[in-house]
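Look for chain A in each of the two complexes below; its partner is chain B in the first and chain C in the second.
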Partner chain A sequence: MSYFLRKIGFYAVALWAALTLNFAIPRMLPGNPVDILLAKLQQRGGQITPETRKAYALLLGGDDSQPLWRQYLDYLGNLFQGDLGVSVSYYPAPVSEVIGQSLPWTVVLVGLATVIAAVLGVALGAFVGWKPGTWLDSLIPATTLLAAVPYFWLALLLTYLLARVLGWFPLQGGYDVVLTPGWNPEFIASAIQYGFLPALTIVLASIGGWLLGMRNMMVSTLSEDYILTAEAKGLSPRKILRSYASRNAVLPSVAGFAISLGFVVSGSVITEQVFSYPGIGGRLLGAVSNNDYALMQGLFLFITLAVLGANLVVDLLYGLIDPRTRARS
Partner chain B sequence: MTNLKPSSEPSVADSAELLAETSAEAGRKPRAGWRMLLPTMTPWLAVGLGLIAAITLFGLIGPLFVGDPRTIRDMGLTPPSADFWLGTTQTGQDVLAQLAYATRGSLQIGVIVGLLATALSAFFGIYGAYRGRVVDEAFSLFTNVFLVIPGLPLVIVISGFVPAESRGLWTIAIVLAVTSWAGSARVLRAQTLSVRNRDYVAASQVSGERPWRVIVVEILPNLLPVIASQFVFAVIAAILGEAGLSFIGLGASNSSTLGTMLFYAQNGFALSLGAWWWFVPPGLIIALFGMGLSLVNFSIDEIINPKLKNLRLHRKRARRAARLERELAQAAPQVPSQQTKETAR
Partner chain C sequence: MSLDFRKRGAAALLAGAAALGLLATGCSSGGSAGGDTTTLVAYTGQAGDYQINFNPFSPSRIGALGTIYEPLFFHNKAEVSDPVPLLGTESSWSEDGTVLSVTLREGVKWSDGEAFTADDVVFTFDMIKNNPAINTGGFDGTVAAVDDTHVTLTFAEPSFVRGPDLLNTPIVPEHLWKDVNPAEDVMEQPVGTGAWLLEDFKPQAFTYKANPDYWGGEPAVKQIRFLALSGNQAGADAVAAGTIDWQTGPIPDIQNTNKNFPNYDAYTQAQNQMVLATCSSAEMGCEGPQTDPAVRQALYYAMDRSQINSLAFMDTASDMSPTFALTPSQDSFVSASVAEKTVPMEPDTAEAAELLEAAGWTMGDDGVYAKDGERLSLTIEVVTGWTDYITAVDTITSQAAAAGIEIKSAQSSWNEWTDKKGKGNFQLAIDSLWQGPIADPYYLYGYFFESTSGAKVGEAAGNNYSRYSNPVVDEAMAALVQLPLDDPAARQPYFDAIQAEIVRDMPYIPILTGGTTSVWNTAKFTGWPSDDDLYAFPAVWSAMDAAEIFKQLEPKG
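After this line comes the complex of A and B, so read on.
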C-alpha cells in the first residue's frame, strides 16, 4: 500500500508546485500584464487614470496593494472554487467555460493519436526487436528522421502534399463551419475528415520513440533465461514472442507513456496552431497573442493538471501490473 | 517513468567491463580503457557524423558566401533558379542566404541551451546522487516534479509574460534550458548511484579527497558517454523547442533562426501559394541535423545502455563469424556453407 501512498504524495507535491509556479510566473517576470494592457489602451487613444489602472488590476486578479501571502491564499481559494477569472478575449465568458468548449477537441484528437501511435509503435518495435542484427534493424535509424522532424513542419508538409496538391483533406479548421456542432452523423464525419491530418501528424512524429523504446527492451528481454527456457521447452516462436518476450518488454513503455504524454501535448499545441484547430493549444496561443493572461494561466494550469492526472493513473496502473515496483519501494 | 528505481540498474562501467571480459575470453588484449567508451564505427555513425559536419559547416561558413538575406528585390516568390538556388521569398529575399544565417542562429541556440541544460542536469543528477540521503531525496523530488510539468506550455506562458523587447537570445536560452534538464538529470542520477558505491570511489573518499575532486576525477569519467548522449539530446530538443517557439512568434526578438524562417513562410502564405522552396528547406535542415545527432546517439547508446550490450557483442561475433567463413571458403571451396557456420561459431 505504501507504494500507492508514495505516488499520491508525489503527485500532490507536483500539483502544489504547478499551482505555485502558475502563481509565481507573472509576479517574477519583468512584464506586468496591467502595464501591457494599459500601454495597448493608450496606443488606441484611451485615457489612463489611476482608477483605470486599479480597475485593470482588479480584473486581472493581481491587486498589488495586498501582501504576497494574502494574494497567494486568495489565488488558491479561487482555484478550489473553480474560479479561474474572466477571459479578456472571449469577454464576458469565464476562463473555465472557454476551456470547457475547447477541451473535447484536444482530448479526442491527442488521445486517439497517442493511442494509435503507442499501439503501432509498440507492435512494430516488438517485431523489429525480435530479430536483432537483421535487415529490420536498419529501419531503426530511419525512424530517427521522423522523431527529429519538428511537429509543425511535418504538419506543414502534410498539408501541402495531401491538402493542397492532392486535395484529399481540408486545409485547416476543426469541422465544416456550415454545420452546427452536435452528435449528428454529418458533423462527426466532417470532424473526422478535418481531424485526420492533425492526427496523422502526431502519429508520425511520435511513433519513432515508441518503436525504439520497445525494440531496445525486446533486445534485452531476449537474453533473459526464461526466453531460453521457453525455447528449450519447444514452444512455438509466435507464442514466445507474444506471451514471454513482448509482455515483459512492454512494461517500460507503459511507464514511458507518462513522459511521452508531456511531449505529445507540447507538440500538439503547435500542431493545432498550424491547422487552426479549435482545441486547447490553439486557444493557448490565441491567449498569448491577445494578452489574455487569465486564459493563458488557466490553460497552462489545465494542461499541467491533465498531464499530472494521466501520469498518476499510469503510475498506479503500473504498480498493479508490475508487482516488482511495489516490492521495491 | 517515475517508477524505475535506478539503484538496481547496471551502468556504463558494467558494460565496458563485460566487453573487456569477452575480448579476454577470445584470447585478445582488451582495448584500452578510454577506447571502451568510444562508439564503434558503423555506417550509420558515419552518416550521422557526416550530416552534423555538413550542416555545421553550412551554418559556420555559409553566411560568408551568400548575399545579405534582407535585401528586397522586385521578384517575389520565384522558384529555384540559377541565380537563386532556393528561390526567393514573397519580398524577393534570397532563401538560400536566409537559410545560411538561420542555420547559424539555430545551431548557436542549440549549443547554448545544450550546455546550460547539461550543466543543470549534471549538478542536480550527479551532485544529488553523490551526497545521498536528504539532498538526494530533495533533488530527485525536484527533478521529478520538473519532469512531469509539461515543458512547452510552460515555455509559452513564460514567453507570453516577458515583453517582446526584453525577449533576447539569452532569455529564450535560459527558459528552454530550465524546462528541459530534468530528464537527463534522472539518467545521470541513476548512473551515479551505481558508480558511487564502487570500491575505488570509497578508497578515494577514505583517503580524504574533497567531494568535488571525487566527483570530477573518480565519478565523472565513467559518466562521460552518458553526459555526451544527454548533451546531444539536449541540443536536438533545444533546436526543436526554439523552432517551435519562433514558429508561433514567441522566439527571441531580432534573431534569425530556422523557426523564424518558418514563421515568416507561414505568415507569408507560402503554403497556400505553393512556395515549397520557402518552407521545406528550413524544416529539412532541422530534421537532418536532428537525425545526424540521433544517429550519433544510437552509437553512444550501445555503449551506455547495458540493455543493448548484447547487440554490440552480437555484431562483433557476426563479423568474426563472417570473416572466418570467408577464410574457410577460400581455403576449402567445396565445404558446404552450413557446416562452416557451425565451425565459425
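After this line comes the complex of A and C, so read on.
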C-alpha cells in the first residue's frame, strides 16, 4: 500500500510545482496584452489613438497593481474553484469556454491517432520481432524513415498528393462548415472525412517508433531462458508469442504509451497549423503570441494535468502488471 | 510593409508547400466550403478558430461591423473623396467647429422590424460616453435629437478633425442594447440596419445572408462566408485550391497571380509607409548616435531603395514622400517648399558624408565614422520571421557600410519588439506607420509626431514611440484642430510648417510605401475596386471598407 501512497504524494508535489511554474512563466514574457492587442488592431487597419489605448487598458483590466504574491494566491484559489479567468485575446469569453470548444477536437483526433499508431506499431513489432531476419525486417527502415522525415514536410506531401492531386480528402478544416455541428450522422461523417488525413499523417509519423521499440524488445525477450523452457515444454508457437514473449516485451511500450497519451492534450500544433484543424494547438499558439496569460495558464494546466494523470495511472498500473516494481518496496 | 499580415514565420517555413500548390492549379480539391455561385467566401487572415463575438465595440469582435451595424457615413481612406451617406444623409459643422449636425436617413428599419430613429443615434453616443472601456475615440461631447431625423453633437472645443471617427461610429438599436453591458456582451444575435444578417455561426466559419429589407435594396451577393484558417499559408493554399474568393495577404509569386490562377487577380494598394523608426530625442532619454539628426539624414541618403524594393519586397513597394503625406492619394498636401517630393531611389553617399562631417563626425581607420570616441554603430530591431523586413535590414546594412555607418540587426519576438518600442529601449526599429480614418495626413502627424503621445524612455509611449517632441509641430497641430477639413487653403500653411520640421528632423527615416495586397476571385464576382474606381480601401480585414466592397460586388453568371 505504501507504494501507492508514495506515488500519490510524489504526484501531489509535482502538481504543485507545475502549477507554480505555470503561474510564473507567462509573467516572464515581454510585453503586455494591451500593447499586443493594439499592435494587432493597428495591423488590421484600425486607428489607434491615445484614447483607444486608455479604453482597452480599462476593458482588459490592467490589475498589475496587485502584488505578485496576491496574484499567486488568487490564482491558486480560483483554480480550485475551476475558474480559469477571462481570455484577453477572445475577450470576454472565459478561458474554460475557449478550451472547452477546442479540446474535444484535439482529444479525438490526436487521441485516436495515437491509439491506432501504438496498437498497430506494437502488433506489427511483435510480429516482426517473432520472425527476425525475414523480409519483414524491411518494415523497420521504411517506418523509421517516415518518422525521421520532418513531420510538417510529411504532412504537406500527403496533403499535396491525397487532397490536392487526387482530391480524396478535404484540404483544410475540421468539418464541412455548411453542416450544423452536433450528433447528427452527416456532421459526424464529415468530421471523419476531414479528420482522416491529419490522423493518417500522425499515425504514419509515429508508428515507426512503436514498431522499432517493440521489435527490439521481442528479439531480446525471445532469447530468454523461459522462452526456451516454453518451447521445450512443447507449447504451440502461437501460445508462446502471445502469452510468453509479447506480454513481457510490451512493458516498455505501455509506459511509452501512457506518456504519449498525456501529450495528446497538448495536441499537435503543427498538425493543426497545416490542416487548419480546430483544436488546442492553434489556441496555444495564439495565446502565446497575444500574451494572453489566462488562456496560456488554462492550457498549460490542462496539459500538465493530462501528463501527470497519465503517468500516475501508468505508475499505478505498472505496479499491478509488473510485480517486480512493487517487490523492492 | 508589403505583406500586411504578419504570419511570415509560417510563410517562410512552409514556402515549399506553396511551390507545390502552384503546380497543382489545374487540380480541384473537393470541399464544399466554396458553396454556390452567389456565396462569397472570405478569409480575413485571423489565425485559428472563431470565438463568437459580434459586438461592434469589442476589440475581439469577429464581424458585424459595417456589414450588420452601419455607421452614419462611410469614409474612404484610400482616396480623397466625399463621405458616402449611410444612416446619415448630410452632415455639417458649425462655423466654430463645436456643433456637428447630422441629418438621418428616413424609413430605415432594424432587422427585427423596429424603426431606426434619432433616439438610437443619441443612445449609441451616450452609451459610448458612459462606458470608458468602449470609448476608443475619447468622445466627450453632448448628443441631442433635434427631431426624428436630426441629431447634433456638441463639443466644448472645435472638433473638426474628429468628424470622420464620429461619423464612423456603428449605430446600435436602443431597444435591444439598453439592457446589455456594451463592453462584455458578445451579441450572439446581432440586429442591425446593414445589408446582411447573421445566418449562422460555427467556430470554423460564420455566414451572413443578404438582408431582403435593406434600405439600399437587397445586395447582389446573397451569402458571405468567413472561413477560419490557420494563417496566411493556409490562405494561399485555399486560393490555389479555389476554395476562397477573397483574402488579403501575400501569396507566392504575387505579380503573376492571374497567370498562375486564371480565376484570381491580385491588387495592391500602397498604404503603409515603411520607416526606420528611431529613438530620436536625447532629452527624453534616448541614447545612441541616432539622436543626432545628421545621422538620421545620412542614413536616409545612404539607402539604395531600388535595391531594397527588389530584394526585400518583390518590387511591390512604391514611392514615398519624406513629408509622410501618402503618395499618390495625399500628394495635394505636400508643401511646395519641400525640395524632394519623393524619397531618392538611388544612394547618395557623398551627401551622407557631407552631412555627417558637418555635424562633427570623422571617418575612422576602420571605415566607420566616429565622434568623441563613439563609433557610428547602430542596431536595428526587427521581428523574427518577418522575412521581408529582415531582408530589408540586411540590404540596408551593406548599403550603410558603404557610407561609413555600421548597422547591426537584432531579431526578437513580436511581443518583445513591441515592448522595446513602447519603452524606448531601442536605437532603430523597422516598422510601418498607419493612416487615419480618411485620406488626410493630419491623423498620421497626430499619431506619430505630436509630443502628447510620446513619453520618456522607460515609460510606455503611445503611438509616438520615437519620442519626437517639437513645439512647432505641436502648435501647428493645435491650430489644425480649429480648422474645418474642407478648407485646404487655411490648413496648408500649418502642414507646410509641420513638414519643414519633420523632413529636417526625420525621427522616422522613410524607406518606401508598402502595399496591402488582396487576392480576389474575378471569375465569380465583378465590381472589385481598381485603380480607376478605388471606392474603398481593399482589405478584407478592414471591416467598413469590406462592407462597402461587398455591397458593390455582383456575382457573374
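Convention: the second predicted complex is superposed on the first by the 270 of 329 C-alpha atoms of A that agree within 3 Å, B and C clash if a C-alpha of one lies under 4 Å from a C-alpha of the other, contacts with A are read in each partner's own complex, and residues count from 1 in each chain.
Methods note: a residue touches a chain if its C-beta (ideal position, glycine included) is under 8 Å from a C-beta of that chain, and two chains touch if they have at least 3 such contacts.
Every value quoted in this text rests on a predicted model; they were computed, and no experiment measured them.
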Q) Does the superposition put A:Pro170 against chain B (first), chain C (second), both, or neither? A) second
Q. Given the touch rule stated above, what does A:Asn311 touch, chain B (first), chain C (second), both, or neither?
A. first
Q: Classify the contacts of A:Ile188 with the two partner chains as first (chain B alone), second (chain C alone), both, or neither.
A: neither
Q: Using the touch definition from the top, say if A:Pro278 reaches chain B (first), chain C (second), both or neither.
A: second
(Q) Looking at A:Leu112 after the superposition, I want to know if it touches chain B, chain C, both of them or none. Which is it: first, second, both, neither? (A) neither
**Q.** Touched partner set for A:Leu120, first chain B, second chain C, both or neither
**A.** neither
Q: Would you mind listing the overlap between the chain B footprint and the chain C footprint on chain A?
A: 29-31, 36, 152-153, 156, 159-160, 164-165, 171, 273-274, 285, 289, 291
Q. Which bits of chain A are touching chain B when the two form their complex?
A. 7, 10-11, 13-14, 17-18, 21-22, 25-26, 29-31, 33, 36, 132-133, 140-141, 144-145, 147-154, 156-157, 159-160, 164-165, 171, 216-217, 219-220, 222-223, 252, 255-256, 258-259, 262, 265-267, 269-270, 273-274, 284-285, 287-289, 291, 293, 296-297, 299-300, 303-304, 307-308, 311, 315, 318-319, 322, 325, 328-329
(Q) So in the complex, the part of chain C that touches chain A is made up of which residues? (A) 4-6, 10, 13-14, 16-17, 20-21, 24, 27-33, 35, 45, 47-49, 51-53, 58-60, 132-138, 165, 183-184, 186, 200, 202-205, 207, 225, 227-231, 234, 237-238, 240-241, 243, 412-416, 418-420, 422, 434-437, 443, 446-447, 452-453, 460, 462-463, 537, 539, 541-542, 545
Q | For the chain A and chain C complex, residues of the former touching the latter | A | 29-32, 35-37, 39, 41-45, 47-56, 58-59, 87, 89-93, 97-98, 101-102, 152-153, 156, 159-160, 163-165, 167, 170-178, 180-181, 272-278, 282-283, 285-286, 289, 291
Q: Spell out the part of chain B that touches chain A in their complex, as residue ranges.
A: 1-5, 8, 44, 47, 141, 144-145, 147-154, 156-163, 166, 183, 236, 240, 243-244, 247-250, 262, 266, 271-272, 274, 276, 279-280, 282-283, 286-291, 293-295, 298, 305, 307-308, 310-311, 314-315, 318
